[in-house]
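Two complexes, one shared chain (chain A), two partners (chain B, chain C).
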Partner chain A sequence: MKCALAALMMFCLPFGVMAQTTGGMATGDLGLVIERASGSLVVIDRSDRAAIGRIEGLGDLSHASLTYGPDERFAYVFGRDGGLSKVDILERKVVARTIQAGNSIGGAISDDGRLIAVSNYEPGGIKVFDADTLELVADIPAAGKTVGLVDVPGRRFAWAVWNTGEVFLGDFSGAKPVVRMIGNAGANPFDAVLTDDAHTFLVGLFGEKGVTAFDLWSDAPEPQKFLTDYGKTGEDMPVYKMPHLQSWAFTEGQYALPAVGRHEVLWVDRETQAQVASTPVHGQPVFIIAQPASPFVWVNFATPLNDVVQVIDSRSHQVVATLNPGKAILHMEFAPRGAEVWISSRDDNQVLIYDTRTRMKLAEVPAAAPSGIFFTARAHQTGL
Partner chain B sequence: MPSAFLLMLVLSCAPAMADVPPERAVALKHMVTQDCGSCHGLTLKGGLGRPLTAEALAHAEPDGLATIILDGIPGTAMPPWRPLLTDDEALWIAQYLLKAKDPTQ
Partner chain C sequence: MKCALAALMMFCLPFGVMAQTTGGMATGDLGLVIERASGSLVVIDRSDRAAIGRIEGLGDLSHASLTYGPDERFAYVFGRDGGLSKVDILERKVVARTIQAGNSIGGAISDDGRLIAVSNYEPGGIKVFDADTLELVADIPAAGKTVGLVDVPGRRFAWAVWNTGEVFLGDFSGAKPVVRMIGNAGANPFDAVLTDDAHTFLVGLFGEKGVTAFDLWSDAPEPQKFLTDYGKTGEDMPVYKMPHLQSWAFTEGQYALPAVGRHEVLWVDRETQAQVASTPVHGQPVFIIAQPASPFVWVNFATPLNDVVQVIDSRSHQVVATLNPGKAILHMEFAPRGAEVWISSRDDNQVLIYDTRTRMKLAEVPAAAPSGIFFTARAHQTGL
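Moving on, here comes the complex of A and B:
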């Protein structure tokens, strides 16, 4: 009876009062920027092009990333120090936190939003947590540092192991996890990515030339290596920063891939996995990200050539714009429908907002040594 | 005269300190935190690369570390930084890593 009364009272409450308890704000146009040196996040409002808050106390956020729960209110932040933090964007605070390993590299959320998986370096392996409570659900050790962890539909995750080249697919939909090795990608996978249709898991190799594809629509995926001889002519350069494959560009029926150790973007036909072109660029690519709903991809570069962003047309494979947004450009995040791109300049302590049509700067948002930028729309993208 | 001789003797016995202008030292510290930190962690406690804290490097010699910085470790992800650093700068970074309790502070 009491219960029914409470329910009735809730129902009768004016919406305004209910909204107030959650800050009176929607989150669809919000985002978070990682301040890598200070262990904090800046809450950003895409519509206002402004910083609207800060969340502190997240530990070591060098090489941090995050993912969003389906309600776009809670973010799960993966810190370098093994910290997994759940933050409430509306209340702007850390609501749960666990140091789940000594050293970690990133994570993913299951398609149903119930499980958080974290990829660890020390000790190697992945750990899976309940998204509500951050209680440990599964601990899957590995024989080395795990990289390229992605969510796969059906409450599954896939990942690779840097030291051994093994690739695993774990199914967490049942009472007990079912984890199987689906093949060996090759020497030293440095990162991996799932295509937007969840069809192909692409594993980039550092220890040898090439990318290895696994068909996750198949019941028995086989490793298929391609790009094994890119840049045959000419000496490879030292790699001062590992490229990132998350947000790898898939456009015009092609993959746009970073040539490890070279100032090149490689274009590969999605169907045949044959290289169709290469684009000479300003430096060694770090992120190659497709501008949504357009033929363009945007590229940033490894130190010491990291003050430049270039735009390439995926039809002609030509660089069509070279921008100098600021010092030490670490990341780019597009508005979900592509109208603008937010670019972090670590050494200028700014996030720069560019119009993607005019490629002119629209605004600047201050942030301390910003790295990753994450809009809440990521909540609804597979593989992030 | 004898004191100058003594001074020279002392100087020649002391470990060679890398000579780097102050403004370059600031840039090198930034480089250690941000660029070395990309792989070794911003706090240098490790990542894809091994930890570089003074504790972790307790048994390393500055010259040996400087050589690794300059030439990298073939077959691993540690690149040669020779294109970006002079010998003195690499030695300065090695000494900085060895003496700093927490180099990022």
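Moving on, here comes the complex of A and C:
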């Protein structure tokens, strides 16, 4: 299988020559696509709608994410095997790598670009590394698995603990880290997300119904539970894939969030935290992503209904388009100003590029079993 | 005067050697500072808090702005002399330049990065250029001076006409431009701004009181006038500098806007368009800029009170800090995730870097009579 993939890649992606020509290259319109089966990354050029290189040797990327340094040259890749890798997009190679835990589930970079925090299951807790060298700066244990790690302005990070429901805010701006428990979210937080203005940290619960919000602009945040009908599902509807809360879209004064286990998108008023609408959709939503500078959100779905993408208007809460881009649609990434969306089709070994206005396909870029797509513009966004 | 400035620059800014070393450089954390008296730009590195080069030969930059291409390599500079210049940040030189009108007042780049539109006073109208070559693509006349030009998703631009009050939306996505008048804003629009979600185009009026909003998500936008007490001022308070509407901050569900001619910042609810508060401040506000991922806005002031910067909390509408950074504070630019703010002090020939959390000065970067500061992260924002 690996051999077949490698052969496919050799054939489809003649990167050899281009990979050398990195002198004087701007990085604002580049990106990386995770090739989940082969532990590699494809370097993509958004303006040219092309793959321009590959970086290999990233370990187990079957569940992986990455974040960018402020200069959009270096990416930090968090792999399922606990590997933290620093890659140089210009030189197209891994420049540092450490196996920092048994099982990591994601990470974040501090607002000043100096620190990388990694969230771990085995053992629990978070580890913080120097972004230049990947030297360990701080090791913060926890009484269980950590989830929902995000960067918070002021060289801070926030996270939750699955086993205890505790939510922590860690300040790494001084000589020694100052970590404080800011409240208990409830039973078994499974993920968390920070609003785009860094105002509200939203923690989703698995052990009970509801979502718990913390006001991070406050000096003494209080847990506020809402949507107390949310989260658990009837026995007749198995959850094929736990939705990521990172998939919550923020648009038109609302949160759009995936109903766990149901074929539905829920709309919550951002101000009152009351549910205002629900939209029946094709399958169990996985990612719900706002198309920048538009009223629309795009949704993909859990297996076995994962060959469809739907577009919903956040004003009417109606599905306005249903696309069939390809097989096993795992992720969508918008050009930062919204003109295009890049969609990974794992089982077609393609990244598909759609015009967001016409919703027509513009191009295809080959990649081996692509999952996450990450444009370098993420370097400039809080909470990603 | 020019000679003295040149001498000062030669002495203060030893760029000669560094300007050659551009190979393999990422561009995500770079920026440009306009040197208004000498028609030049300083290239700045945000991570190093340093000036790393200079680009000369930009003509009259006494009232100038710029925008970036999507790869964050090329900037398009709009000068008062009608000059449109394309500069290469990596090579640090002007790569194309055209005197496209007698007097230009700003420009914008299409969401796909392919077109540059320039807004002109002499003659009025807008001109649209190919972003690669600066070849003229379209010449759209108007019955007067054009103001408030912004990019709108879908390869579109919107603008207003001072003399007639007309507001236009131009679609340049097809073979021929389609320009339509979407409504009349009122007497003498002096500037306009697009909200960060590209939803609302706000037009400020000079010939009558009020602000007129257009819903650009609608197929048939209707002009909606609000704040009808806004704009004109008593005879006893001369307007030292007309505030730019680009200075409107969007935060906490509000617009923060400068009271014309008064020592006040006004707060308008984004949903209801009703004024909710006003904040007495040190002088006549010029720029009111939201600190990213925070509740704060930062304000600078018109001459002669232009040596002060104030910070206002958008929740309480209270001034929470008053800084005295230097002489003739003309502009402020935040690091995209808000950790720092760079402040130009024209008469100190310095750009001052402040930590936004401690509000203490971190560093100074020399520049000759600096005005606008522009980080490359703007490439990824709609309406800038």
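The working rule: the second predicted complex is superposed on the first by the 354 of 384 C-alpha atoms of A that agree within 3 Å, B and C clash if a C-alpha of one lies under 4 Å from a C-alpha of the other, contacts with A are read in each partner's own complex, and residues count from 1 in each chain.
Assume a contact is a pair of C-beta atoms (placed from the backbone, for glycine too) under 8 Å apart; a residue touches a chain by one contact, two chains touch by 3 or more.
In this text the structure is predicted, and so the values were computed from the model without any measurement.
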item: First, second, both or neither for A:A37, with chain B first and chain C second; value: first
item: Touched partner set for A:E135, first chain B, second chain C, both or neither; value: neither
item: Which of chain B and chain C A:E56 touches, first, second, both or neither; value: neither
item: Winner by number of chain A residues touched, once chain B and chain C are compared; value: C
item: Touched partner set for A:W217, first chain B, second chain C, both or neither; value: second
item: Touched partner set for A:T303, first chain B, second chain C, both or neither; value: first
item: Which superposed partner A:E271 touches (first chain B, second chain C, both, neither); value: second
item: Partner chain(s) touched by A:E72 [first = chain B, second = chain C, both, neither]; value: second
item: On chain A, positions contacted by chain B and by chain C; value: none
item: Footprint of chain A on chain C - complex, ascending; value: 22-29, 46-47, 68-73, 89-91, 111-113, 151, 153-155, 173, 196-199, 217, 251-253, 271, 292-295, 315, 335-340, 356-357, 376-377, 379-383
item: Of all residues in chain A, those that touch chain B in their complex; value: 36-37, 60-63, 80-81, 103, 105, 121-122, 145, 162, 188, 190, 206, 238-242, 303-304, 328, 346-347, 369
item: Chain A-touching residues of chain B, taken from the complex the two chains share; value: 30, 33-35, 37-39, 41-43, 45-48, 72, 77, 79-81, 83-84
